[in-house]
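Shared chain: chain A. Partners: chain B in the first complex, chain C in the second.
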Partner chain A sequence: MARRKRRGSLFLGRKKISRPLCVITYVLLAAGAGRAQEAADFFRQNCVSCHTVGGGRLTGPDLKNVTARKDREWLIEFLQSPQAMMDKGDPYALKLQQEARGVVMPTISGMSKERAQALLAMLDAESKLPKSQFAGMQISDRPFTAYDVAQGAAIFRGDRGLANGGPACLSCHTVKSVSEFGGGRLGPDLTRVYERLQGRKNMAAWLFAPATPTMSSVFRQHALKPEEILPLVAFFEDAARRGGQDESAARLNFFLLGLGGAILGLVAMDAAWKRRFRNVRRALVESARRRER
Partner chain B sequence: MTSTHYLDQFLFAILPYMVLITFLPVTIQRYRARGFTYSSLSSQFLENQQHFWSLVPFHYGILVITAGHIAAFFLPQQLLAWNAKPVRLYVLEISALIFAILSLVGLCAALVRRFTTSKVRRVTTTRDWILFGLLAVQIASGIGVAIFHPWGSSWFAATLTPYLWSLVRLNPNLAAVSAMPWLVKFHIVNAYLVIGYFPFTRLVHVLVIPNPYLWRKPQVVRWYRRPAEAAPKA
Partner chain C sequence: MNVRSQVAMVFHLDKCIGCHTCSIACKNIWTDRPGTEYMWWNNVETKPGTGFPTQWEDQEKYSGGWEVRDGKLQLKSTSKEKTVFNIFHNPHMPTMDDYYEPWTYDYQHLFDAPEGPDQPTARPISMVTGELIQIQAGPNWDDDLGGSPVYAQNDPNLKGLTPDQQQQLFAVERLVFFYFPRICNHCLNPACVAACPSGALYKRGEDGIVLVDQNRCRGWRACVAACPYKKMFYNWNTGKSEKCILCFPRLETGQAPACFHSCVGRIRYLGNVLYDASRIEEVAKLPDEQLVEGHRSLILDPHDPEVIYEARKNGIHDSVIETAQRSPVYQFVKVWKIALPPHIEYRTMPMLFYVPPMAPVMANRDAGAVNGVSGDLFHDIEQSRVPMKFLANLFGAGHEAKVRYALRKQKAVRWYRRALTVGDVEMSVAERMLREADSSPEEAEAIYRLTSLCTFEDRFVIPPMHREEAIQMLEDPLAHKQSVGFGFTTGPRRGM
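Here is the complex of A and B:
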């Protein structure tokens, strides 16, 4: 009997804890850790391109001790629909927009009240750490060199492959005068992106964790390495300074080459099937004429 | 949740399954019940002058383009590796554009022929006109995507291939496809419509072309006649 009792309980110091209670505690702790990890993953995927925790301001404010600056209820409402708060004319939301130089925080897909609460709990925990995992990417302040710019151009064009196997920037983006037929047009023209994102720190943060749906779906699995981000930032800084020519001629040349190739293809098909059967009557007439001759 | 969100859910997460549920059983049922209707219903016998300019460019064009899409679906990493050099990317994209234009030229020639030749027009059904319309829209929108949203061979492999595989795994991930430009979305939705319409049309002939020619043993064909030079002179 005594043995059975001992099997059903654990001893912690001098206190005896029943096994069911122990299991429940373990499950609750595991669930809490799971929620925290989920919140951290969500923050990494959706927020770090504009926010740090203790790393200073990017496009959005530094979120260290954010719950000490503003009450929790307001933050939960704002996180669920920033635009709605702006539309209501909320003075604090408008102040945040002004500080972000007019940029409105987008509504994040999958943001619910529960997720907002979990994010704030995670931010509280991260704020207490000497250095948060979301302190942001520390990019060097040294002046960019011509080598950095050349390496950035090689990464952008695809001549230097990305270490984690992501597609080259040229697949979807263009930078004026980057190559003969220009870059891709699925995403925006990045010639002035360095100016739009207001400098190297924001640019590096964006590249570290791109936030648009298309970019995040691709680079979540193939994140850029810090040693790739610095040359790319150098390249974009150089591109913004140089500007460039309109690329509509490159697009026209691409189309004309396709059209010319298709015409050549038609000529080749006509030549390859030169002796094709064209017409019953014509064949009969031609053979009759040959016989007459 | 916005109306756009629900529309995307319908077009890219529900429609593909509706299309497949139509495609597979109807294709099989038609073959079992009316196997002799598996034909291209060629009208070559009725008109053979213009026929060449619709038949040959269209088929060579569409076969290459379709093969390219299938390659991007099955071998995305290899495609991205090929496109890693801009010169190779441009060669691939220009080649694809050439074949796409060839297929459009062929289809336009087919439409003109069916409009202008009375015998051929008479054997063209409403079902054929709808199919030609869908194919014309599909090829034209594909050329539009190639010109206005390059470079599709790369971004398809990076963004749409994972989306298509998520459909195969019965766990649709619309993150990338929802953010695509409207022309790309239109091209995808029209492709689904073509696949859904496939079993009701003459397109089924692609399933019954002499496919065993590709793997059967070579056959020696002997003609039951004397060679021309050995034939007695009249």
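Here is the complex of A and C:
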């Protein structure tokens, strides 16, 4: 409605309204459209890894018609600090946490009251659309094939580059099955990430828009493509199924491997420098003592 | 022919009484600075014994000196390739235990000790850690056969002795030993100079003294490993290597080096010789049995007009040629052939020669009974208490011929003097012995005079150094004694 009104006034402006007014109107219009766009971007960056609009539940609830389910005041307060609501013992908030199997919605930085209002307005608008842009990753339900897993492994290792130029997973993460020496240890071990995120839908949503500060700053400009996400999910599913040894066993193995390597190295060096100089006098004294005994 | 002058030395071992005065004279002048406590540029060893550092003669362990490999003369301890891999850790370095942990005594304790039933003692304190220590070894720990089962029996020179000879030595184990004073040999083919990665070591052109440039030394210590006589020392305080400098500041002012000057037994002789530098490599590659003769052949006759002509051509001053003609070293080594280089098999061509000791039998032990044999003082040298093979290992690269020649001539001189002064020996017999020993009454008289009646001027014929002709004038080291080491106005320091 508002938009149409403004458009009308612009039309009028061409005929009747003075030039300065026309400029102000245009700026207002641009600002309004800009605010809506900004809220959508904010939602994409911070929310889509757990929420959809009309795409069903992920970790968090589907936000279609959320304003109809709960009053605005409560929602705005909750958005600004979810943890505080839990601590206050708000029954609805606790119910939400229970539905999310204990996961508490993180406090989003930069979530001001104005931004929360803009988000709710944006959600209202999206809820009315037949298919929201935030309906979520529609990942196919077909069973994963061995080819998918192989492709996923290739993407993970970086054998196949990411279409948008993101870095290969291996540079920071490891998965037990990926190689003997594992992958990067900067980020968390992803062997059981498929179980942690509870299935392919959540996993795909997470990969579509990674929510952690590190991941989002790396992948914001280099988002994964849906045709890359499917093999990766397949790969993670396969890795979780295969499992592999748990972390403590792996650490012990790593330690033992290092210890064995060090001992082997010392033995090799001792052999290589067999003729090196050793203490002369003390050896004489000791051998004389042995002879005495 | 490339004639050069070298200050060379002779130590007459039959005269050494093992008093260590030389070591103390050297220590007081040169190595009483921090970082040099453990150094003994001059030391006196007992033979048989393992010396300082322990078993330094065992080059299987210490890898010092040269060897002929693939027809080339190569260092045992290092090479261009090995230098790269060993530059930060030299695998052939003697440890502190092989030298000794230097110590002093807590004299203050004598005054401060609380009253008690016993006299207080000055307890030993390590000069490395500053803490009280239990002394394990010293620089002459095996002096006079001390600790024989550990030291004397492990003398590397016992190698190659037959069980019979070993038994002979051990049967009179507590009766026979001789002293072996050592300083830097100022070799013609110094391994330390060849091994230095920094080019800090050099052999002084005018007199052949081997020196370390303290400004260029970077403390790699390749010289310590390379020197087969272990006469290179590392100063931990300055981070540089140091060695015997043959008291060159004293030589330059016409004085004998401190150890020579102070020698109680007057065993030391010093004088310059002319040698042919162009043949050093050729001689150093000779097989072991020809080394002594080859080494001797490097020394040229200073009376030969051709040698004098070549020497002058090389810029050797007439006064230096004149002192070479009077040199006692030339007499001992070249004319009489009774002074021999130590361990010539290391192929560094040492310019310090030793007159081997006679060690006549004074008594021997037969089935537990000791028999005096002083009646037969001039026995056959083959019956010498020190087995010929042992002396040959020290002075003849394991070959006895040269050692036997030197001992036989000395014995003949004694017989000759006995016939002259005491008269209980037939002069005809003495003269026959001289002939057999390739000598003559005139030579015997000369040997006798330079051995027994030598004056200061006879023993030390110091060539004029002509420092005015030398490139570099050094500062007076005595002016900086105990503050900066020697030769520089600022002390050597660690680092660049």
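Just so we're on the same page, the second predicted complex is superposed on the first by the 220 of 293 C-alpha atoms of A that agree within 3 Å, B and C clash if a C-alpha of one lies under 4 Å from a C-alpha of the other, contacts with A are read in each partner's own complex, and residues count from 1 in each chain.
The working rule: contacts are C-beta pairs under 8 Å (C-beta built on N, C-alpha and C of every residue); 3 or more make two chains touch, one makes a residue touch a chain.
Given the structure is predicted, the values throughout are model-derived calculations rather than measurements.
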item	value
Most chain A residues touched (candidates chain B, chain C)	B
Which of chain B and chain C A:130 touches, first, second, both or neither	neither
Partner chain in contact with A:269 - chain B first, chain C second, else both or neither	first
Contacts of A:261 with chain B and chain C, given as first, second, both or neither	first
Which superposed partner A:91 touches (first chain B, second chain C, both, neither)	neither
Partner chain in contact with A:277 - chain B first, chain C second, else both or neither	both
First (chain B), second (chain C), both or neither touched by A:285	second
Chain B and chain C contact sites that coincide on chain A, given as residue numbers	273, 276-279
Of chain A, residues touching chain C in the complex	273, 276-282, 284-285, 288, 291-292
Complex contacts: residues of chain A adjacent to chain B	157-159, 161, 165-168, 170-172, 179-186, 212-214, 216-218, 251, 254-255, 257-259, 261-262, 265-266, 269, 273, 276-279
Chain A partner contacts - residues on chain C that touch it in the complex	50, 53-55, 58, 61-63, 91-95, 97-98, 137, 149-151, 154
Residues of chain B touching chain A in the complex	48-49, 52-53, 56-57, 60, 77, 80, 83-86, 89-90, 93-95, 97-102, 105, 146-152, 154-155, 157-159, 162, 173, 175-176, 178-181, 184
